[in-house]
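Pasting in a structure now, in structure tokens, and then I'll have a few things to ask.
For clarity, chains are labelled A, B, C and D in written order, and residue numbers in each chain start from 1.
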């Protein structure tokens, strides 16, 4: 039940008679990667058709809308963004006209770390910006490139960009897919009949019964057009830095990415957690839904029985007015309820994936105390999160991360649990390696735990200020 | 993942300054009992205020609506109904004017089994009906009663009615709550500060931090007004017949009803199932979400590890257009996805709460086969459902229930599992009794398994025809 | 620009393959008779289909809705009602089930003057009421009648009702149309191909190119079914009392009713007004749109040139927030603007159809003063309105009618015009007679001017109280 | 009842505490200039706030939206556009970020005649376009300008643009208003208390009780900021070419522009038409609403009585399905109805402002014939429209204008009137001059009648192709 959010998911298909409908289904499967807005752009007979709206995929893409999105090629995007930036015009795919009336659409998962610098550079040369997204910067460079072919224009542009990008471009006759050299965000390749598909996660393939082919490599750029698929490796080799939080929390448990199944890895975290942070307790419960796989691993490893101690409501509303006669932990209660008959009189291990600000964990602990828990042993299936992410995850500033300023003991005191245990970084990476022998823990970015960002952060300074400049 | 649906949930509060907001929260907690329409009626200074709409509770009751529902007393209702009857005018609470301009509102969970006969009787005497609900019949009798007090009018009316009713009435100065003598549907009493609360399930009390007092007894009628609460037992003693399906599937796992916690009972079913229907297998998985508690019990009893083999999507849309290039089991795929790394090569026990028509079970088995299950052992935590319910559950006609015409072996063949095992009725009732020593299995209605309806069904004849007559 | 409102319009068609679409178009033409809600009920193969919504006809009846309203027979209704009564459940047609599962729908234009008494009588016998409309009373009587045929049941019921009713009933195989013996509200008969049509006003026939046949007579009841049309005159002859305000303000100028064309009559009022209330002025202007025909008549008779001095905006919004820096006459300004170049320095005759509370007239006079009018001579094409209407028009209570308490001189002072002249009752009726030689002025109800109500008002007492009792 | 449409209206206010609400009211008064989308941008404390939506002003700007549009300065825009271009992203004001993070918003009424050429030039230099509007071109030039002050940047940019523009720019601390040297579109200056206001038409001032100061001169640029108002005349003098169709049809009759009141001028056209094109007839009627002032002038000059022969419905719906049993002239009938009692047996002069394709006129003539007109004399208060407009009016291509290919006699035959008479160009200009002695007819653009465009049309070639290139 982490409070941090993935910023985007992308999906594309080339050469399918129902491109927009397939893309709609793909985005539905990627809905967990962004619930704020969604868009699809299709190409048909040299023209691009687009539809973007604020809201959930299944509310936006009615049959009427799908029908208007003509053509056999499509890319789509789901987006989450911070409150201030939630304008429809910032939603993606972003579509522009450039040289000779050509149209290009782009869908971006990730975040450029030198966007502000590049933007100021472009603005000083007279470029105008209509969105507050970093993605618009890429399009300016593509339009300004003197290269002839689109792939060379894209490459030239991306060589100027630092940070995380899993990108899909759509033109009137091709799709280009590209992943940054570090491979921060996932991007996978599939096939439905004769049509190539690209998606942020493989779970989208399952829904439409497409075949998983392979992951697109970090630093790889592929072009899909009527002649088939071509692959390029145009970027300098930097080594890989996959986002470990995709495995810890973001990705769907049924997806396969960074060489492994997410659920399997997550359960391995739980086992390792049980080894490192045992507890003298009666039962194990999870903070649903994200804590479930690790709790299952913890239970299996420790031999403590797994129980359903917290129930999650799946009917969430737009707004609730808290009654004046204050209800303790009202916000969390709308989502979770503790089952007294399970908890009462028990020594409880409760497993969650991470602690961000600590406020939710504190409320959950109090809920368990209120239904009679005898002892509460909080176990976290990742190391303390101390540093903000600049690669496409919506984390608070360092100062708001509880582990940035408090020790584990102090956090334990704050959330009022009896004991608190985090998974160690070493254990986390060992678990990843144990789950898949061919995976190396060194291929994962651990900046949110260590502050060791893979590259120098050009625009870091102050994350908040950056947003302020770009947006209101 | 049963395909049968509860028809209603009710909630009421007397003497609270935020009656409509509290009722809104209560209905939100009861949302699983009816997702088609919802309504709240409040009373303030002698007048009733109402708001009803099609849709989900949290979409309907905006702050603006809540504010207009003035007064310190309120009753609310969530409703599911079959397609043909889904008119707003059938939604509840139903409000009428009767003698001397008095207003009365009613919210009903259950189903009268002699409604058609009573309705024809009333119509032949010149009564008019504006809804197609059985509830309207009760109001006609109350209006026609020569008794002076409302409670006597209500009692006189209900003595004519057969079947299931957990009822809430709201007048300008009181709430009346009543449960049929068999006690088919649950109804519980709570208190928030000095205000009495009545709810279909206790989970609504947890959200608003109200105290659970007791269940309202089968055959009990209580009046709540400014003088407090008065209880009556005006109906002949018939013995109790609680709906066992509340425990099997309908109620929320965190609720306490019929003398026990639902999750605890459900897990006991799973344990008993493991004893009666063991399987030589590698793992146990659940059909989420309803099969989870029984699967946990099965795993605990059998020692087979519990795994997350099917993932449920919680983003459901209004409509999806199936691509022409047919996707196998498209409807189920939108809700469930099988995790290959868990299932592949395994002998799998899969636990579900019930089988209705068998079509969904068949699709789920096929999904597991497609991701490489070596063997599939379907286990059902209730006996074969053979007979339609006439007490407030939306079941298909007998003929559409697969167990009505096929044997267990034949069903196993149809759904293409390797083995299929149901919990026995004896085992089901023993499990209920084991979970709570004070509970008797004979207090539960088992008509859906045995066809032994507690009372003669006056209007049975043909369930479909009954609907046809009342509705279009 | 009168502030009083007609309460309803009705339309029906029998035996047409596109009954719902034709009814939709008919209601669109009758939209001026009620803008708050609209409904259509159709009958097909023994079943009734209904759709009712708050809002404008063209917003409610989308192609999807029209398609669902199957069948060859339909009745429709547009409704305006006072704020407190604006519930969807009060909208019409009202559909009920009564003896032997029969369904009947009713659409009503008018108002019963003994509804409260009848309702109390029914309630005391045990009837329940789900709406606060007087129309529901009629349905109760029909259901209770011991007569066999529907027409006899209707007649028996209406013999108990006093007041104004132009009614349409729809059953599974017939339409019944009926007009009260006084003929307060209009009701006309037409034919489209072989299909009979009934409508409040003839303007609906023009849109669909139906032929006008005749007016349905006061006190006439007709049945339309597959055998054709039958006419009955079952009510005692009372003499006619048509609502003169249909001619003055309500009806569309292009309609033909009460034996004459509305525009022609309205222009005759203007001529008579010029004879009775001449003015030494430079120009004549109208308060648009309702004052235009009378202003044309005034100009023609007086020889004073007609000018466009006030422009009406046809883009009206839901809500406007008045700026804090107060704008004088903001409400009227949103609807009307005075043209300075026309008014400046001129002596202006301004013609309106009526004055209700006087507040709007006062604002209009001030607008003209602000753009430089030298003199303002207000002329009203009807006599002073002194008494509230009980026959289907939404007028304020007597006490709120400015002419009930103030003399013409005092009103002139209040609205700050230089002179004020009303048409005399004698002149009004002479004008009606002059426009059509066969019309007698004595056939019109003049109760709003004289207080001489055609029948004793059973429930009069206090109009406000009546509403209070029925509604909240 | 012309079928051509104005493309935009603009409104701005500087230094008012309720800037967004005043702008909302201003746009409401300008609604006739664009009904497809509307937007407001405000500036507060260095930040811009925007809201744009498809739809009518009063539906878009709810109290909630107005409240969010903070600040004391605002500009707004209403827009109509051809079907293909009706994307929200093309709606205005357009807001961009440019050098040093500065924000600028622009609202444009008019059309640049060299936009395609300029756009291709910019694209070839690497600029990207996110809308298909010509307005985006201006923003690119402003961003690229090396000038320091915004006014110099704007001037430098506009010197590259040809065609029609009445423009409002909003920055964090100023409003700039500018009108092209020909003065095609109107733009007027007013004052509300101490706050300067700019509007397309003066009618917006009346609603908010602002004072009219003067028209902004063709070729004038003004800057309004906290220091007051500064005026510049930076463009070469070209002579004036006001759009005569503002007087003929577009502008509201109560507006004052191009030195005169629109109603007064329009009535003068009617008088001149009566002189040039008399008719031996019984009555004069107008095609409402736009033909009314000219019909009044025709009646006054000719002495023929003015009658209400055609009634216009002001309840227009989204969609109507024409019944299969074809209704003649269905589309026109939904808007207009002929009054038989006025027309029957009469020789009728019918006055309209213009004929575009001729199809509507033909239908109107047929409606009059159907209600018994003896003779029909169509009179048009402007010369035959033969050429498409490139200065901000949505006219069809030359080939679709009936007068481009048919003579007056042939048009008369096509629309089946008895006689047809147009106002001469000479008479039109004389009427303008007669209405205001200080006005010269040579100051008006008459290209739609003569094809003499004031400037060479750079991008003319094919108007349709131009749209195709920019849009899909």
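Just so we're on the same page, a contact is a pair of C-beta atoms (placed from the backbone, for glycine too) under 8 Å apart; a residue touches a chain by one contact, two chains touch by 3 or more.
The structure displayed is predicted, hence computed values, not measured ones.
J.: Can you list every chain that touches chain B and also touches chain C?
T.: Joint contacts: the list comes back empty.
J.: Find the chain most remote from chain C, comparing centres computed as mean CA coordinates.
T.: Measuring from the centre of chain C, the most distant chain centre belongs to A.
J.: CA centre of chain A versus CA centre of chain D: separation in Å?
T.: Distance between chain centres, rounded to whole Å: 48 Å.
J.: Cα centroid separation between chain A and chain B, in whole Å?
T.: Chain centroid spacing, chain A to chain B, equals 37 Å.
J.: Could you grab the centroid distance between chain B and chain D? Build each centroid from C-alpha atoms only and quote it in angstrom.
T.: From the centre of chain B to the centre of chain D is 61 Å.
J.: Can you list the residues of chain B that touch 2 or more other chains?
T.: Residues of chain B never touch two or more of the other chains.
J.: For the complex, give me every residue of chain D touching chain A.
T.: Within the complex, chain D touches chain A at residues 47-49, 88-89, 94-101, 120, 123-130, 132, 139-140, 143-145, 469-470, 472.
J.: Using the touch definition from the top, list the residues of chain D that touch chain C in their complex.
T.: 17-18, 21-22, 25, 28-29, 31-32, 35, 56-59, 62-63, 66, 192-193, 203, 206-209, 252-254, 256, 261, 263-264, 267, 289, 292-293, 296, 300, 305-308, 311, 313-321, 323-325, 327-328, 333-334, 337-342
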